[in-house]
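The same subunit A turns up in both complexes below, where it pairs with subunit B and then with subunit C.
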Partner chain A sequence: MSNYLSISDILVSNEKVPCKFLHDLPKMGFLDPSAADDDLKAGTNVEIPLWLAESLQSRRPPLVSVDLPKIYKDAYREILNADACTVDMHKLGQYFYELGCYVAKHDIKGEVAATLENTFKQRFRMLLSASVSTDTLSTMQPLSASERKRAAAAASSENALSAWLQRGDCPLTTANMVANHRKRKRAEMEMF
Partner chain B sequence: MDPYEIEFLGENRIISVIPNFSYDKIYLICGEFGPFRAGLPLNVPLWLAIMLKQKQKCRIVPPDWMDLDVLENIKEEEKRSRFFTKMPNEHYMVEAKLILGVAAEDVPNSSEIKTIIKDIWDIRMSKLRTSMDALMKSGGSYGRLDHLTLMEINSVKPLLPSAMDDLHRIRTTSKRPTTASLNTSTFSQSGSSQNI
Partner chain C sequence: MFAEKVIELLKEAERNPDTIDPFNDEKIRQILEEMHLLFKMNMNDANATNENKSLWTTVQVRHSALERNKRCLLAYLYDRMKKIKTLRWEFGSVLPPDVRELLSDEEYQWFSKYSTNLASYMRSLGQDIGYSGIDLTENLKPPKSLYIEVLCMADHGKLELEDGDVITLKRNSRHFLPTAECQTLIRQGVLKQIV
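And now, the complex of A and B:
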């Protein structure tokens, strides 16, 4: 997964994860904005970037214990398992899947992996509808960064296809009766 | 791939025309065609047929499947079947669009045929969408693309393969190598074959 040259991977590893420091660290108080002391006390909970957390945790002995970001916790997992399509990933976790892959190994119960997969499967429908929707603004809004990228690619090929179908002196068009069907008319009216 | 590139590929299909001029054999990269005898049908590539038609040099003989009854049957079949049915032609959409575009007067009932082909296309596209969603939901690791034409496969190309790649990546990287994750590994092995 980790790719040294991938910009998005770098951005993902810059996401903050909550960590608990296991040892007293002299002169590291600046890591905790609320600390008055120069030294960082053991047991402090601080949010630090993933790349820092991973390297501190892999030391022997580990300096921190990594906790799950809140969107991977039980409360949010329940929402995601119930209906992932209602969640606004853009607000909650831009890099939900990518970060999830990294933090899944810190999950003791091992349920994050299943949630990630389940969420991805459920939200695939949103990608489909975003790629054909005329109202791109509202359908693209709740997608995470990688989902947006994929939906945009799908939408552009969809546009190319419909442009091809429309082209020419006598394009193949839908029958009037079908086009005037209530559902379709409404979709077109919502466009304007 | 761009739809125009697929149109280009589809233009190589052989189609029957009745020229209204006489000419010797012509030698093309894709083969030799002719000799042209006025009034006698002969086979040429679709692009050549379109070009001749645009110059009013020939009449296009519509392909066998471009017939109201045949298409009606295909449409019914397509509606009834859960899976994709075999299309009469790998490039049916390209052929229909080009022929009906330049030579609508050579095809009997051209406007009805136009509508029915578009209907078939719409049915197939919506079927494609629902089966893509079902494939993802069921967690299948592969989909069979029987009887899908190039244009249809191309329309899902930017979405489906990359989504399945990502799903695979999520499965492999998020799974913990320890025994504690046994419950998730059974989950990912349940990939079923899904006819897409």
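And now, the complex of A and C:
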């Protein structure tokens, strides 16, 4: 299994996907919030976390069939293909690309993969401008989690480059974790 | 729903990627309890599958949840281990007490062992050509000059230099020191280079 110890991958696989149960599940009624029964009947549609869906689908015979989350369906796909930059990824799907990679294999028509690629192409310019912008709050807002990481990385390497070009000199600095530990301690002190 | 506590734990770690949080043994205890409960229920139902065949599906769901909990706990510990490794490189071999108390006992043991391993490796470097080791935690950036001007950020006490001089590092005092002797203190945030 790839990324077994990666925290961000774990958070991605915590996103919910709609699933249809193919078998009866005794005592598992609580998975479906609208069910009054103790048992979960075959044929129920429930949203369960991706990790559960993946592992139940890989059983022999599979216990569930996985459906696409609504953001990867036709209606949203049309919006994304028309103009991906208008979509607020932070609200709609924080892990849009990562989750898309997982659910793409459950898409029979194979259109999810193309949408992901197309969306990134369209949003790339937005990502670039977010990384050089001084108004970080409004430009970073609509970005998804991984896009934010990219933009922050781009901004910090941009800063490093311009510092190096101006001076050609790198002063010794406090180690990153030491500095952050200090900052945090000071913030905690001020709270009390 | 399964494995929700463990997600809270990981989100906490994700929020502060640059600092280490106190070891959350209370939450870990709760998660282990959840896992024990799942395991016990699974044992009961697995024994009962002889009479009731449909129970095997339930057993599989719980088993997935158990595996998920295990994965998340391991990821939490692994993430902390990477941070503790960084602590050794940035704070040095002796941790300040306020950092020390963020680690669990086992983690502190690991830190000491890592520290010893690293030290003996650094001592062994270059022995075949007559050097008595090299400190890898020094000179992480290429040194530009032999002496640098530094400003003292905290009361650190006395510092004996290699030539025998003893200087007192007091807050807001300025010094002109050999780079080699003050860069560790700069990394620990006691001194700051003035450019």
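In this section, the second predicted complex is superposed on the first by the 156 of 192 C-alpha atoms of A that agree within 3 Å, B and C clash if a C-alpha of one lies under 4 Å from a C-alpha of the other, contacts with A are read in each partner's own complex, and residues count from 1 in each chain.
Keep in mind that, in the parts below, a residue touches a chain if its C-beta (ideal position, glycine included) is under 8 Å from a C-beta of that chain, and two chains touch if they have at least 3 such contacts.
Just so you know, these numbers come straight off a predicted model, no measurement behind them.
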First (subunit B), second (subunit C), both or neither touched by A:146: first
Which of subunit B and subunit C A:52 touches, first, second, both or neither: second
First, second, both or neither for A:116, with subunit B first and subunit C second: first
Which of subunit B and subunit C A:6 touches, first, second, both or neither: second
Partner chain(s) touched by A:95 [first = subunit B, second = subunit C, both, neither]: neither
First, second, both or neither for A:72, with subunit B first and subunit C second: neither
Residues of subunit A contacting subunit B in one complex and subunit C in the other: 169-175, 178
Subunit A - residues contacting subunit B, complex: 1, 97, 100-101, 104-105, 108-114, 116-117, 120-122, 124-125, 127-128, 131-132, 146, 150, 153-154, 156-158, 160-161, 163-165, 168-175, 178
Contact set on subunit A toward subunit C in their complex: 4-8, 10-11, 14, 23-28, 30-31, 49, 51-52, 55-56, 59, 63, 169-182, 184-185
In the complex, subunit C residues that touch subunit A: 1-3, 7, 10-11, 13-14, 16, 18-20, 45, 52, 54-55, 57-58, 60-61, 64-65, 67-68, 71-72, 74-76, 78-79, 83, 86-87, 89-91, 98-99, 141-142, 144, 148, 179, 183, 186-189, 192-193, 195
Residues on subunit B engaged by subunit A in the complex (per definition of touch): 2-4, 7, 93, 96-97, 100-102, 104, 114-115, 117-119, 121-122, 129, 132-133, 136-137, 139, 151, 154-155, 157-159, 162-163, 166-167, 169-171, 173-176, 178, 180-181, 183-184, 187-188
